[in-house]
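Structures given as structure tokens follow.
Two complexes are shown next, each including subunit A; its partner changes from subunit B in the first to subunit C in the second.
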Partner chain A sequence: MGGRNAHRQASWGKGLGVAAALIFLVTWGLGVIDPAGWGASAAFAQETTDALPAGVVAPQQPSEADYPTIAGVNSRVVVWLVAQLHLWFAAFVLAVPIFVFIIEAIGMATRDERYDRMAYEFIKVSITAYSLTAIMGGLLTFCLVLFYPHLFQYLAGIFKETMFYYALLFFAESACLYIYYYGWHWLQGGFRKWLHLTVGLLLNAVGTVLMFFANAWLTFMMSPAGVDAGGVFTGDLWGAVHNFLWNPINLHRVIANIAYGGSIVGAYAAYKFLSARGSEEKAHYDWMGYTANLIAISALLPLPFAGYYLAAEIYAYSQQMGITLMGGIFAWLFIIQAVLIGTLFLSANYYLWCGMGRSDGGVRYHRWVKYLAIVIIGAFLVWFTPHTLVLTNEELKALGGPYHKYLGPLGIMPAKNTAVNIMILFTTLSFILYRRANKVATVSWAKAGNAAQVALFAAGIANILFLGIYHGYFTNTVYKVASSIPQVATTLIIIVASTVLDRFIYRGANEVGPIHWGRVPDRAQYALFLLAVAFTWLMGLMGYIRSGIRQHWHVVGIMRDNSADAYTPTLGYAANVVSIGTVLFMAMVIFVFWLSQVSGTKTHPAGYWKERRA
Partner chain B sequence: MKNYAVPFVLVFLACGAGFLALDYAVMSLQGLSLFFSG
Partner chain C sequence: MKTFVTVVGFSLLVIAFFAGYSSFGIPQIRPAPPPQEEELDLGAMGMEEFIALGERIYEGKGTCTLCHNPVGGRAPPLEEAASVVEDRLADPIYQGGATDVVGYLYESLAEPSAYVVAGFGKAGSGDTVSPMPNILTGRIGLSEAEALAVVAYLQDLAGFEVTVDIPSETVETPEPAAAEQRSLFATPEDAIVELACGGCHKIAGEEGELGPDLTGIGAHKDREYLRRAILDPNAEIAEGFDPEMMPEDYGEQMYASELEMLVDYLAAQK
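Showing the complex of A and B:
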């Protein structure tokens, strides 16, 4: 009990400490605290501000010498790693309460206490991660103030109100989270349970608003608004917040966070499954891993569309930025991205196929798995085929140019859009087969229903191929881009229609037998680990690309980056930094998992404590 | 076989027509025709 109190106090202490630091830094940014005497950078900021009329927020254009160097540390790499670590943890702690809320609500509706226990265990994992998120957020703010004072001053000048409310909302989020977690067992039953669920809803609302605020700051740096051509703030805060890329990022991050959170708690369940001793414990963590994977897949399916929407909006905002993104130096990172996304799909599917072994009826569908695997791997290969190849002069001559005769056509977007839609549909099919594994349909029209479902998929895939091949190779660019929308719509219609149809076919179905939770091979758990690692790597990589397309600008077109690092690093260098970040994050996540394990372990040292007589 | 073939053909044709109508509608909304007209 004492240990629990100490942990609670430590968590509060850390959270409040970081929040206080944030408020302090934001007030500094607002100029409430006189920065004079804080060293050369602060003096520079003060001098340049003096040159402007009072109250005008305009970007300063510092020279290379104005960027502080502290202890020989490379400021770009430090800010890069700290920002990325903060984002990974933030994505995790924002996502977990979303599905904890949903699982708790399912538990309330079904009155099945297992859901409640699982939801509690999910939120327990996020508690320590929450402290780490706050610590990383505080560290990031310090790093920005210390290494990029002019940029921070400019952003704080424009976003002072949102930054101040952000700091206040941080208290609200902490309060909601701690009441939600520590009050879990207290707020049980009847009205109290409703109250608890409401706190969960508030926690999600506050967390989402916090993320939207932070998204406004970063998208302002990519697509500034609310300022004139010279970057002078017009006073239109909503305009600056609601800039061109704000909503695309908001949408993409909400969906991606859920998928990511699912993958991390899936890894937690896998860790617990592999270290479990008893069959009951194994069954519990198998169920938890399955649920986490289901959440991750459900959010993963619409994610490529949200990503496509974001990329299309980047193009729409600035063609130059869009071409840098996918046609310039970053294009090769998209090939790595494609490999990682393919890994996500393959590992998620593999986990489902292994999971069919939980049911005695699963064997009926085993023969289909190889066909699913062939199609998904085929789509995966198309998905990551590059348009051009990295070649030596001799190879270039032998090939007769940078484009391969057969593989070159697979490198363009229509081929990739077609491949990803098919990959998504076959993942849906895997899930449908998994759901059917333990059921025997009893409705009289089951055979006709199955045929209809196959026809739905066949017609949809034919349509996706028609749009991808005809519009992709026999029309112009406008048609190529435009036809991607009906492709997406076709996929979504098939997913919804087949799910509804399947529900009707299996209404009142008989069960083959009880599901044997825990009867799953260990290698399925490694698929869950792979899912978490691939997600983390992917987020790091894409985060770098999103930020990197600003190139030599702090704020695109308005505030130049004049630091020594204002160049795009080599792909190998960038990939190494992202990989180091991934290893650091995974190490911290293992620490979080270990803490949750330790918190449930008690040692009884014989003879250590004095015996107390009654 | 008849249990499968008839519903398959009917649903395939219906869904195929439906998807083509969807393509036509979405392309029209973007100011384009379903088939490339140069």
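Showing the complex of A and C:
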């Protein structure tokens, strides 16, 4: 008990300490606390504030010499890594409570205690991760204040209210999380369980609001609003918050967080599975890994659409920014992204195919797996094909020009939109086959229902191919882009319709036999690791491009970045920073998992404690 | 412990693969550095230099070619912009206040929605709102003199007499050498090797066969033709060769002085 209390106090201490530090930093940013004598950067910030008319919030335009250099470190890389680590942990601790809430609710609905135990195991992991998130958030704020004081001061001047409430909301978040976790066993049964679930809901609501606040600040830097052409704040805080890209980022991050949380928990379950000694333990972690992967895939399927919506909104906001994103210096980054997303889809599908071995009825569908694999890999290769190539003289001669005769047309967006929709549909098909593996339909119309499923998929795929090929290659640019919308609609309709239809076909179905949880090859667990690592790396990469399309602007068109690091680095350089960040994050996550394991371990030191007489 | 080491090793390998692919599997394009400002004495500038300044801004700081290019179809081409002004001014949909070519072109940079070319309006606006930003403010932020230099360039591009008055004030303008982060090609031969001209053409010791033989090109083609053939290779296709073969972005890959050096070199091939 002593160790547990100490852990509890340490967590509270860290959480409150970081919240207090954040409030202090924010109030400093607002000029409430005078930092005179705290060093050159703070003094400069104060000086520039004095130079402005009272009450006017306007951006400063510092020269290169005005950016502080501290201990010889590269300020951009430090802020980049710390911000990315904060985001990874934040995504994790926002996703896990959503995940836990869903699992707990399923447990309450089914009265299956396994769900409750699993939910508790997850939330235990997120406690330490929560502390690390707050620590990274505090560190990021310190880094911004120290390395980019002018930018922080400008943002704090506009967003002072939201920053203040953001810091205060940490108390609410901490309170909800600790009551949710420490009260888990206390709030059990009947009304108390409902109360516990409500705390979980509150925890998620507060966490989501916190994320929306932070999203407002970063999207303001991309698509500033609530300010005039010179960047002078008009006083319209809601306008600044509700800027053009706020909602697209909000939507994208909520979905991505769920998928990310699922992938990290899946990796945790995979590790526990590989380390498990008994078959019961293996079965438990196999089931946990499956559930986590299921949630990750469910969120992964709509994620490309949310990403597409975000990119379309970036175009709508600024055509120039959109072209920089997709057709300019960052275009090759999307080839890397294709490799990453291909990895995600392939590993998620591979895990499902391996999982069919849990059921004795899975063998009926084995022969289809190779076709699914061929189509998904084919779609991946189309997505991966670049439009133009960087060639040597000899290669140019051999190719007969800069574009390949047959592969060149696969490089443009209509081909890629078609490929990604096909990839999503075949992943849905994998999942349907997995669900069917242990069932035998009993409804009289099963055969007709099955034919309807085949017809649905065939018609949908034909429609997607027609839209992609006809509008992509035989009409003008406007239709090339516009045809992606009916393609997406087709995919969504098939996913929903086939899921509903399958549910009816297999209503009251007989089971082939009991599901053999734990009867899955070890290599399937590596698919879960691959999913988690690829997801983490991909988030880092896309975080880079989201920030990178601002190019040499702190706040686009308003506050220029005049620092020595204002240039856009090469993709290789960015990938190396992302890789270092991923390794650091993975090391910290392993530490978090280890802590959760240690907290459940007891040592009985024979002869250490003084014997007490009865 | 064995499981731990295996899992960590596997994860590190995956990360190394992604990093390695990003560094060695795709071309490492070094983006242009942020535009640097330099003092420019407009008072000492002749019309040719002023037009050349407009061209540099058009292709550099102004980022005009990002949308106004023949590939993307996102914005109307501007090669003939100056020649359609009279029709535009008389068009009932024109909302601006310009009365001459210079006024109209300048206005189109500052208030792009004054006249929206059919098919190029913002989606859902019925071609009443242009997606183009005001390039005198915000992210691009050209000065008045810089915008006038672009207008002069557009007039020259369309083959019209340039009627812009060069402002006498001193303005900030982008330094041409800062357009790309690489040193100038020292010789035309270097440019030919670096730009892979010999992959298709017979020139400077290279034996390409996909494009025309350039070893005696100066004997029957003038400098203007050669410049256009580099900047806009599909404008005129040599007999016996296919269109769409030569990349259209050589103009963006070279500094203006390099282009002229290459044109001089080709013109001397007799």
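Here is the rule we go by: the second predicted complex is superposed on the first by the 609 of 614 C-alpha atoms of A that agree within 3 Å, B and C clash if a C-alpha of one lies under 4 Å from a C-alpha of the other, contacts with A are read in each partner's own complex, and residues count from 1 in each chain.
By definition in this document, a residue touches a chain if its C-beta (ideal position, glycine included) is under 8 Å from a C-beta of that chain, and two chains touch if they have at least 3 such contacts.
These numbers come from a predicted model, not from an experiment.
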Open item on the list: Just checking: does A:G572 make contact with subunit B only, subunit C only, both, or neither of them? Give me first, second, both or neither.
Closed with: second
TODO: Tell me which partner A:N438 touches in the superposition: subunit B (first), subunit C (second), both or neither.
DONE: neither
Open item on the list: Can you tell me whether subunit B or subunit C touches more residues on subunit A?
Closed with: C
- [ ] Return first, second, both or neither, reflecting whether A:S126 touches subunit B, subunit C, both chains, or no partner chain.
- [x] neither
TODO: Would you check which partner chain A:S223 touches, where first means subunit B only, second means subunit C only, and both and neither mean what they say?
DONE: neither
Open item on the list: Let me test your reading of the model: by the given contact rule, A:N421 touches which partner, first (subunit B), second (subunit C), both or neither?
Closed with: neither
TODO: Classify the contacts of A:N204 with the two partner chains as first (subunit B alone), second (subunit C alone), both, or neither.
DONE: neither
- [ ] Report, in rising order, the residues of subunit A that make contact with subunit B in one complex and with subunit C in the other.
- [x] 476, 478
Task: Of subunit A, residues touching subunit B in the complex - done: 447-452, 454-456, 458-460, 462-463, 466-467, 470-471, 474-476, 478-479, 482-483, 485-486, 489-490, 493
Task: Touching residues on subunit A, where the partner in the complex is subunit C - done: 229, 271, 274-275, 316, 318-320, 323-324, 327-329, 332, 335-336, 339-340, 386, 390-397, 400-402, 476-478, 526, 529-530, 533-534, 537, 551-553, 556-558, 560-561, 566-572, 574-576, 578-579, 582-583, 586, 590
TODO: Sort out for me which residues of subunit C touch subunit A in the complex.
DONE: 3-4, 6-8, 10-12, 14-16, 18-19, 21-24, 26-31, 33-35, 63, 66-67, 72-74, 119, 122-123, 131-133, 137-141, 181, 196, 198-200, 206, 208-210, 244-245, 247
Open item on the list: Going by the contact rule set out above, which residues of subunit B touch subunit A in the complex?
Closed with: 3-12, 15-16, 18-20, 22-23, 26-27, 30, 32, 36
